[in-house]
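Naming follows writing order (A, B and C), and every chain is counted from residue 1.
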Amino acid sequence: MDVLVTQVFNGLSGGSILLLAALGLALTFGQMGVINMAHGEFIMAGAYTAFVMQQVLGAAGLSLLVSLPMAFLVGGLLGVLLEATLLRRMYHRPLDTLLVTWGVSLILQQLARDVFGTAGVDVPAPGWLSGPVEVLGFSFPRSRLFILALAIAAVVALSLALRLTPLGRRIRATVQNRQLAESSGISTRRTDVLTFFIGSGLAGVAGVVLTLMGSISSNLGTSYIVDAFLVVIVGGIGQIKGAVIAAFVLGTVQSWVEYSTTASIAKVILLALVVAFLQARPQGIFQVRTRSLA
Amino acid sequence: MSEFDTAASRVSALRGRWAVLVGFGVAAVLLFAVAPAVLTSFRLGLLGKYLCYAMVAVGIGLAWGRGGMLVLGQGVFFGIGAYLMAMHLKLADAGADGVPDFMALISSSGVPGWWEPFRSGWVTLVAILVLPALLAALLGLATFRRRVRGAYFAILSQALAAAFAILLIGNPTATGGSTGLNNFVGFFGFSLRDPVNRQMLYFIAAGVLLAMLLLVRQLMVSRYGELLVACRDSEERVRFLGYDPATVKTVAFAVAAMMAGIGGALFVPIVGIISPNDVGIVPSIGLLIGVAIGGRTTLAGPVLGAIAVAWAETSLSEQFPSGWTYAQGLMFMLVVAFLPGGLASLGAVRGLRRKIAAADPTVAAETADGDPAPVPATEPRHAHGGAQA
Amino acid sequence: MSRFPARRSAATAAVLVLGLALSACGSRVDDAGGGATAESCVDTSGDSVKIGFLNSRSGTMAISENTVFNSLELAATQINAAGGVLGKQLEIVAEDGASEPTVFAEKADKLIRDDCVAAVFGGWTSSSRKAMLPVFESNDALLFYPVQYEGLESSENIFYTGATTNQQIIPALDYLKESGVTSLFLVGSDYVFPQTANKIIKAYAEANGIEVKGEEYAPLGHTDFATIVAKVRDAGAAAVFNTLNGDSNVAFFKEYKNLGLTAETMPVLSVSIAEEEVGGIGVDNIVGQPVAWNYYQTIASPANEKFVADFKAAYGAEKVTSDPMEAAYTSLYLWKGMVEKAGSFAVPDVQAAADGVSFEAPEGTVTVNGENHHIAKTALIGKIGADGLIYTEWSSDGPIEPDPYLKSYPWASGLAG
């Protein structure tokens, strides 16, 4: 029973971390087909934003709360910069965006090393987020509960925004049929920039919460980028709910396989399952019906 | 992608034949006569290593440049070839029924059963040729049949490289773990410590690379080559014409894997070590940059690019350790974004717009004491843009 | 179309390769004295002599190895200021190992054969050392390796100035046993050092009545320790023996604290966390936990106070000094001692003179064992203080003679293959 509760929780928690890392990616990859390998470095930028905020503000609780919107802004601006300088000229070459953004990610990593040093830095968690909390006789880490709550909040906010706001309508229209959206008077150019802003901003937010979990160093992003892409691929392009389900399924599978075998084997098995799953559903769990041939 | 390349036309292929021959002749002279004469044995060994990377690059050029498959996991096939060779060398060093030194050190259970077949040199050589290609064929059929392509295929192949590295590191008793396999004494009976034998290995690598280039050239100008380019440019149309794009792409993927495997197998005796660091995600992508710079759709471009990039890495990292990362990042960014045809396409810009099917495979052999010629901007093998046809 | 020309050139190439292969065979493995190693090209005729520093200046290990590079540089500067070695100034050739074994091997080859250095100092991971070992052996050159490692090795061509297992892991187990620990949980990264260390720990535990309640490995760079720490908590061992490496330590200790585990309830003894790593993990997350090394910055001795002061003067007051840095600093002085005792830079002379060479190191007196090329050092168990420094808690009775194959420990007889 103990193990069951712990592992179910660990699965959900691992899933929520994956989800935060992948949510922005689902948006940019889904709408624009851009394979942004620098997404991981936007996560890293968010984490370093939290570090800088802490140096400036001192108080751990306040700085964490301030860091969230700040990191959204930092990640978002980096994303817009990338979109405006490089990616906008490459929408017809989606595979090449992967290589270009890989180059960007190498440069951002080296920049982080030169600016913040090669040694990892630490962002102490505020008191109200450290240690466990007892619920029904089981103890759960507060930080993981916080991340779970934040992931759910991000998904809800994003879905509502996509569903209810004019911007959301434009994004959905562009995903479903770019040409038609354009001819209906939607500025797909502006929509693209805004989508990239939001998607990259979400990466920044993910970076802030990752400071609660592990080390903040220049290779933070590389640890998450492949897993995040697997989530998006399994979830299916252009769907938030696909990414949500995929993240929690992958998180749960990882935590259970890891419990019964070892962490190394778990990673390999997870990958084998993803390949097998794509055999059954090459387009992921959900797929938006589009009218394009590609 | 069709904007910077069209399939080779047979007429131009005929016309370019002599140019190709001259190119191969020049390359052979540079590799077999000039390089050994002017390079120290250490630098010649380095060039041998670059040639191994170039073999992988030839395959990437075929799969990615001609076939449109962004292969981010070539490190896996490179690694399979390399580890097969390394296993055989370790077993051969240990003698009949012997246990390799690293195994004796960390495990008491002896040689794992799946190592045993590779005591035989012939089995190993056949496995090096067959296993990477077979794995690629299975993967290719499985994914391409289900029309998994583009980004999906790229990321899957990348995840494969990650998983392969994790497996290697996690099983040190069988694979040497994060250290990998090294400390080889002999190569099919020949001592690896003898400079004469090391030079021999370099000659073998150079010969194999030239043979691979010939094979790929034949593939490029054949009907199959045209079909492959057609699959890249419009898979649906190829299907409508009654061909099966999955098979066409799988063949190219398997050939590329085989070349990567051979490159890996030669890498082991030349460099003297293979470790998971040489096969994971980062080296797998690193192999692409040379191909992109040299010109992914051309014959000589990937080879020249791979050699130039590997050389630049060695010499840059000797002077500025962190500078290499910036340089590599910038190359990916600028070349892929602004010069998708690679340096080979510069020739086209300069106005050499005739349909020259010939490549100029002037391998960037080093001219004097480790200073290779700058990447020659090869003339485009194929004119750029269908409009000129 | 005709394809003859291509075929013909393919055939030509094949014949060429084959012909060369047949005509120019070198010596075979079984030839007597086959594979003669190249003569050393070290030039000692001028008033300077070249030495090589080979550390990862880029890649994941740069964090740690840059500090080792700095302390080597410090030692070289000091030695040069004091008149050099045998009256010759040291000329440093620095190379980047890029955190990859293959690069380490290649650069070692370059330093020996192209730069003709008299000795090479550096390496950090076991992988880097194992990759370099055949290069040094086949060229008959010298490497000074400054990091604690998993033992079971001793090469004529390597001097090991960090601890071997009987100078770090076994004393750590002695310490745990003395403090009444009866059960252990082993956590490590999935590679050779933790796996070998854990084998030794299990053999020791069996011989000393300590129960090993679990053993978990995480892939290098693993970031989510929820499951592993949950297993640790549920197993309820008296202490944890931690051989995790690098960033994984950060995730592990944060998770450990998040689950409410502390140094009081279940101490975690680490063997890869030194002064520099504490900052990245966060002092809050690790304060009070024990670590095992042979040197701490807080050691009170004139030699150490000078070393720390000089290091801070050269590289900044906020810098800390750690065990591998000290071992690297010491290694250069030990080489100087050997060369001066031998009166020669030649490798065979240095090897012959090595036994008994001693140095008043910051960690205390160290002495080279000429037989296995390790050095006798004192084991220290420290606890991490609130200021992020490590304070000695327990120490062995004087320097421990190195025993890389654990031959003097009866319970370890089954370990060394």
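Here are a few things to note about the model shown:
The rule is short, and it goes like this: a residue touches a chain if its C-beta (ideal position, glycine included) is under 8 Å from a C-beta of that chain, and two chains touch if they have at least 3 such contacts.
None of the values given here were measured: they were computed from a predicted structure.
If each chain is drawn as a node and touching chains are joined, the picture has every node linked to every other. Across A-C and B-C, the chain pair carrying more C-beta contacts is B-C.
The distance from the centre of subunit B to the centre of subunit C, with each centre set as the mean of the Cα atoms, comes to 34 Å. Averaging C-alpha coordinates per chain places the centre of subunit A 37 Å away from that of subunit C.
Taken residue by residue, subunit A touches two or more other chains at 113, 262, 264, 267, whereas all remaining positions touch fewer.
Shown for subunit C are the residues that touch two or more other chains, namely 62, 190, 217, 219. For subunit B, the set of residues touching two or more other chains reads 166, 169-170, 322, 325.
Of all residues in subunit A, those touching subunit C in their complex are 2-3, 6-7, 10, 13-14, 17, 113, 118-125, 130-132, 139, 141-144, 212-217, 219, 223-224, 254-255, 258-259, 262-264, 267. Across the interface of their complex, subunit C is touched by residues 10, 13-14, 17-18, 20-21, 24-25, 28, 32, 40-43, 45-46, 49, 102, 104-108, 166, 169-170, 172, 177-180, 182-186, 189-197, 199-200, 203-204, 207-208, 210-211, 214-215, 217-218, 221, 271-275, 277-278, 314, 317-318, 321-322, 324-325 of subunit B.
Chain contact summary for the complex, subunit C toward subunit A: residues 60, 62-63, 66, 190, 216-219, 221-224, 226-228, 230-231, 234, 247, 249-251, 254-255, 257-260, 276-277, 279-285. Of all the residues in subunit B, the ones that touch subunit A in their complex are 1, 68, 70, 72, 142-143, 146-148, 150-152, 154-156, 158-160, 162-163, 166-167, 169-170, 236, 281, 285, 288-289, 292, 322, 325-326, 328-334, 336-337, 340.
Contact residues on subunit A toward subunit B in their complex (touch as defined above): 29, 33, 35, 86, 89-90, 93-96, 98-100, 102-107, 109-110, 113-114, 226, 229-230, 233, 262, 264-265, 267-268, 271-272, 274-275, 278-279, 282, 293.
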